[in-house]
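I've put the structures underneath this note.
Each of the next two complexes has subunit A plus one other chain: subunit B in the first, subunit C in the second.
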Partner chain A sequence: MPPPRRSQLWIRSLALGVGGVLASVFAFIMFSALEALARGRGLSLFGNLWSPGAGQFGIMPMIAASLLLSLSALALGWTVSLGCCCALHLRTCPRLSKLLMGILRFMTAMPTVVYGFAAVFLLVPLIRSALGGSGFCWFTAGVVLALQGVPTMTLVMDGAMASLEKETGITSAALGFTPLQHLVWVVLPSMKPWLFSAAVLGFGRAMGDTLIPTMLAGNAPQFPASPLDSVRTLTAHISLVLSSDMGGGEHLSLMLSGGILLTISLLVSLTVRYISFRGRRR
Partner chain B sequence: MNVKRLLAALVLLVLCAGAAVAAPLDVFKDMKGTLDIAGGTAHIPVMNKAAQSIMTFNGDIRITVAGGGSGVGVKQAGEGLVGIGNTGRPLKESEIKEYGLETFPFAIDGVAVVVNPKNTVRALTAKQIAGIYAGTVKDWGEVGGEPGAINVYGREDGSGTRETFTEKILGKTELAPSVNVVSSNGAMKTAVAQDARAIGYVGIGHIEESIAGIVIDGMIPSQENAANGSYTVVRNLFMNTKGTPTGLTAAFIDYIYSADGARFITESGYIPVPRGQ
Partner chain C sequence: MIPCAVAEKFSAFFGSRPVLSEISLSFSEKSVTALLGRSGSGKTTLLRSLNGLNDHFAGFRSTGDLSVRLGGILRPVRGPDALPASELRRRVGMVFQNPNPLPLSIRRNMTLPLSLVAGTEGEEAEGVMREAFVKVGLWPEVSHRLDRPAAELSGGQQQRLCLARAVALKPEILLLDEPTASLDYLAAAGVEELILSLKEQYSIIMVSHSFAQARRVADTLVFLSDGRVSAALPVSDVPLGADIGPFLERYL
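Take a look at the complex of A and B:
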C-alpha cells in the first residue's frame, strides 16, 4: 500500500528542510574559507611555518599531518578489518566469531574520547619506553585511529561478504571448494567495490576525528621526519586555536582548515556514492 | 528526635551558608542593564564565573565576556565600546593619558616550569629553559641531569599561561616547532607526571606531588613567593575602566574584590590581590 499523499508531502518537506540546513552549513564554511583566502593574502596561510608571533600562519604541516595520519591509520585498520571479516566468515570457531562480532558491535558505540583517554595512560607510556620519544606522536595516534576505524570497516565488509557467500555458496560447494578456497577464489575477488568503499569510509572517519589526534599526536606544528615525531592535524588545530578566542590570522587559518576538511569529506562521500552506484549497476 | 534536631541544624546551616554566599551579591539586587567586558584571555575564567554568579542572582543583568588580548582590552575600554577592558600588563603612560583609563589589579598569574619528580634536575637558569624551548638544548645531560632526550611540552597559542611564560622567560627567543602542545593545565600535569624526561609549565596554583617545580635563577616557585614578589615569572591581571567606574561596572569590580571574587580567582589558578595594591 503506498503511503497517503499527505504524509508524502510531510516527508518531502522535512527532507527539504534538513537538506537546506546542511546546504547552508556547507555554504557558510566554504564562503568563510574563500574569504579567509582572499583576506589572508599577506599571511601565507599555505606556508610551511606556524608562528603567530612572527605573523606566519602556515597550515601546510597540518594538512600533511592529517593526510599522513589518516592514510597510515587506514592502511593498518583496513588490513585488520579484512582479517576480522575473513575470520568471522570462515567459522573455524563459531564461539570466537560470535565473541568477535559482539566486541566489534560494542566498539562502534564507543565515543572516541574513551579511546584517547585510555591510550594516554596505556599506549603512550608503552611507546615512550619501548620506542623512545615522548610517546605523543604520529604512530600512537595512528594505531588508535586504526582501532577506532576497524568496527565500521569490518561491518561494511561483513555485510557484503554475507550476501556474496549466500549467492555463491551452494555452487562452490557443488564444485568441491573448501570454505577457505570459496572465500579466497570466489567471494573476495567479487567484493572489490565494497572493500574499496570500506576503505574510503575508514579514511573519512580517520580524517575527521578530532579527539584522538588532539590527545595523542602531540600537536607540534611540524612536518614529521619519523613516525615517532609529534604532529598536529587540521582537526586538532581547529580545536586548539578555537579554545582561545582570537581574531586575525589565527582565525582565518581556522576557516581555511574547516574548508579543506569539508572538501575532503565531500570528495570521500562522492567517491562512496560513485562506487556503490557502479556496484549496484553491475 | 535526634534526627529532627539534626535536620533542623542542617536547615539552619544551609540557610546561614546561603546568606553568607549571597551577601556580596546583594548590591546587584535592584540593578538592571548590560556590562560588556573584553581583553586579556587569562582573565576570562574569572570574569565568566563572576558574570554567571551575578546573572544567576539577578536575571535583569546581562554581562558579556570576550577575549581579544590586552591590546583589544585597552582600545575597547578607551573608546567606550566595553565597560571593562582587561589587560595582562600595566597600562602604558601614553594609554592612561590618551584614554583617561583607571586601572584595577586584581590577581597575580604566576607560571612555574615543571618536570617529572623522577628527574634529578631541580634548578635551571632562564637561559637554559629558553634554550630547551628553542630546540638548541636537546638532552638533559647538557643541563646537569641524567642523559636522555628532553621531551618539551607547551601550551596552545593564546593561552594566558603561555603568554606569561613567553614574556618572562623566552623573551624574543623563537619557539621550536617541535614543541608538543597540550590545551590545559590539567593535560600538562598528566603529560609531565607520566613522562620522566618531560619539561613543561603550569599556572603556579597547579603544582602538586605528581610534578616538581623548577627553581629558576634561584627563585623558588610557590604561591607565597609569587605573592611577595620574590618569584618574578608572574604578571598582574588588570581590569581597566574609562574614568571612575559607576553603577553596574563599579559593582562588578567591587564583586571581583569580594570573598566570592577571591574564590573565583583561586579556582582559576591565580592569586587574589587585595584592592589598592
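Take a look at the complex of A and C:
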C-alpha cells in the first residue's frame, strides 16, 4: 500500500532537501578545486614537489601514495576476505566459523583510530626490528588498512555466497559434489559481480581512510621507492595541512585534494551501483 | 523379484520429530515404483534417504537398515560399510520437483558433474552429453546453444536437462521427486513418456503428487501415511472406476 499523499509529500521534500545539501557540498568542493587550479598558477599544483618553503605545492606524490596504498591494501585485504568467506562456508570446523564471524562483526564496529593506535605499539616496532627503517611506512599502513577492510568485504561476499549456496547446495550434493567442489566450481564462478563489488567497496574505504595512513605511513611527501618508504596520502595531507595552515598555496592544494578524493569516491559509488543493478537484472 | 533397495525397520527423524516409522519395504529392480501419500507423509524423506541426501540437513537421524543394490551388491546407505556420499549419489541419481539447473551454461551443467564426479573429460564428456540429451529428447532444442545459460530454457526443457544430467552420470537407480509437479500439461506428458522409456535401463523410484500419473507410469504403488507404509501393491491390483474413492480413502 502506498503511503498517504501528505506523507508522500513530506518524504519527497525531505529527500529533495538532503539531496540538495549533498549536491551543494559536492558543488562547493568541485568549484573550490577548480578555483584552486585557476589561482595556483595553473597545473603547478599537480607538480611532483611539495616544498611550501620554496613555494612548491605539488600534490602528485600524495595522489600516487593514495593510489598505491589503497590498491596494495585492497590486494591483500580482498584475498584475505575471500579466504575468510570460504572458511566460513566450508564449515570444516563450525565452532571456528562462528568465532571468525563474531570477530568480523566486532571488527566492523571498531573505529579506525583503534587499529592505528594498536598498530603503533604492536606492528610498527615489529616491522622496524624485522625489516629496518622507522616502521612508519607504506607497508605498515597497507597491512593495517587491509585488515580494516576485511570485515566489510567478507560480509559482502558472505551474503552473496550464502544465497548462492542455499540455491544450489542441494543440487550439487545430489550430483555427488563435495562441499569444496561445490564452492570452487559452482558458487565462486557465479558470484563474480559480488566479488568485484566487494573489491570496489574495499578500495573506496581504503582510499578514504584518514587516520590509519596519518598514524602509520610516516607522512613524507615523496614517491616511495620501496614498501618500507614513508608516504603521505591525500587524506593524511588534508588533515595535516588543515591542522596547521589556513591560507596560501598549502590551502589551495587541499581544495584540489578534496576534489580528487570526491571524484574517486563518486566513481566508486557509481561503479557499485552499476554492478548491483546488473546483478539484480541477472 | 530382485530388489534394487531394501528398507528394514527404517525410521528417520529430524531433531526429535519422527518422519518415518519402522518402514520395511523392498523396491524392485528395472521397474518404476511410485510413492504416494499426503503432504508430510514422509515420501520425500524416504526418497532422500536412498541417496543419503538427508544428511545435508541439520538434525537428521535414522535407525534401522536401508540398503541399495549397486554393482549387484546390496550396500547400506549409511554406516561404516556405506559407499562415500559422492560415489553413492553418482550411482543413485536424483531429479527434483523444481527444475534446478546450476547457474552455468547448458554445456557446463552436463560436463561439470561428468568431470568432477565421474572423471569423464573432453571429447568423451561431449559424447556422453550428446547421448544423454538425445535420450531425453532435448538434443535438437539445445544443440545450437550449448553455451547459453541453462536458465534460459523453459521449465520443461530445464527438467529434461536435469534428467539428462542425472542419466549422464550412469546411475543404477534414479530417484524422481515429483518430477512433473512444476510443469504444464504437455511438458509433464513428455517427462512421463521419458520415464517409461528409461525404466528398461534403470530402477526408478518416484514420488508422485498424482494418483492418475502414478497409475500411468508405475509398476508398483507404495502408499505412505504418517510415516508408515499403509500399502504396497502392483498397479494391476488397484481398482478402477467407482471403487477408487474408498480405496484411496483407506490408504492415504
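Note that the second predicted complex is superposed on the first by the 278 of 282 C-alpha atoms of A that agree within 3 Å, B and C clash if a C-alpha of one lies under 4 Å from a C-alpha of the other, contacts with A are read in each partner's own complex, and residues count from 1 in each chain.
The definition used in the following text is that a contact is a pair of C-beta atoms (placed from the backbone, for glycine too) under 8 Å apart; a residue touches a chain by one contact, two chains touch by 3 or more.
Everything numeric in this text was worked out from a predicted model, so none of it was measured.
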Which of subunit B and subunit C A:E250 touches, first, second, both or neither: first
Subunit A residues touched - subunit C or subunit B, whichever exceeds: B
Touching partner for A:W50 - first (subunit B), second (subunit C), both, neither: first
Which superposed partner A:R232 touches (first subunit B, second subunit C, both, neither): first
Touching partner for A:M110 - first (subunit B), second (subunit C), both, neither: neither
Partner chain(s) touched by A:I170 [first = subunit B, second = subunit C, both, neither]: second
Touched partner set for A:S190, first subunit B, second subunit C, both or neither: second
Touching partner for A:G132 - first (subunit B), second (subunit C), both, neither: first
Residues of subunit C defined as touching subunit A within the complex: 51, 53, 56, 85-90, 93-94, 96, 100, 102-104, 112-113, 116-117, 165-166, 169
Contact set on subunit A toward subunit C in their complex: 164, 167-178, 181, 185-186, 189-190
Complex contact set, residues of subunit A against subunit B: 49-54, 61, 120-121, 124-125, 128, 132-136, 214-215, 218-222, 229-230, 232, 239-241, 243-247, 250
Residues of subunit B touching subunit A in the complex: 41, 44, 66-69, 149, 151, 153, 156-159, 166, 174-175, 177-183, 187, 190-191, 194-195, 197-198
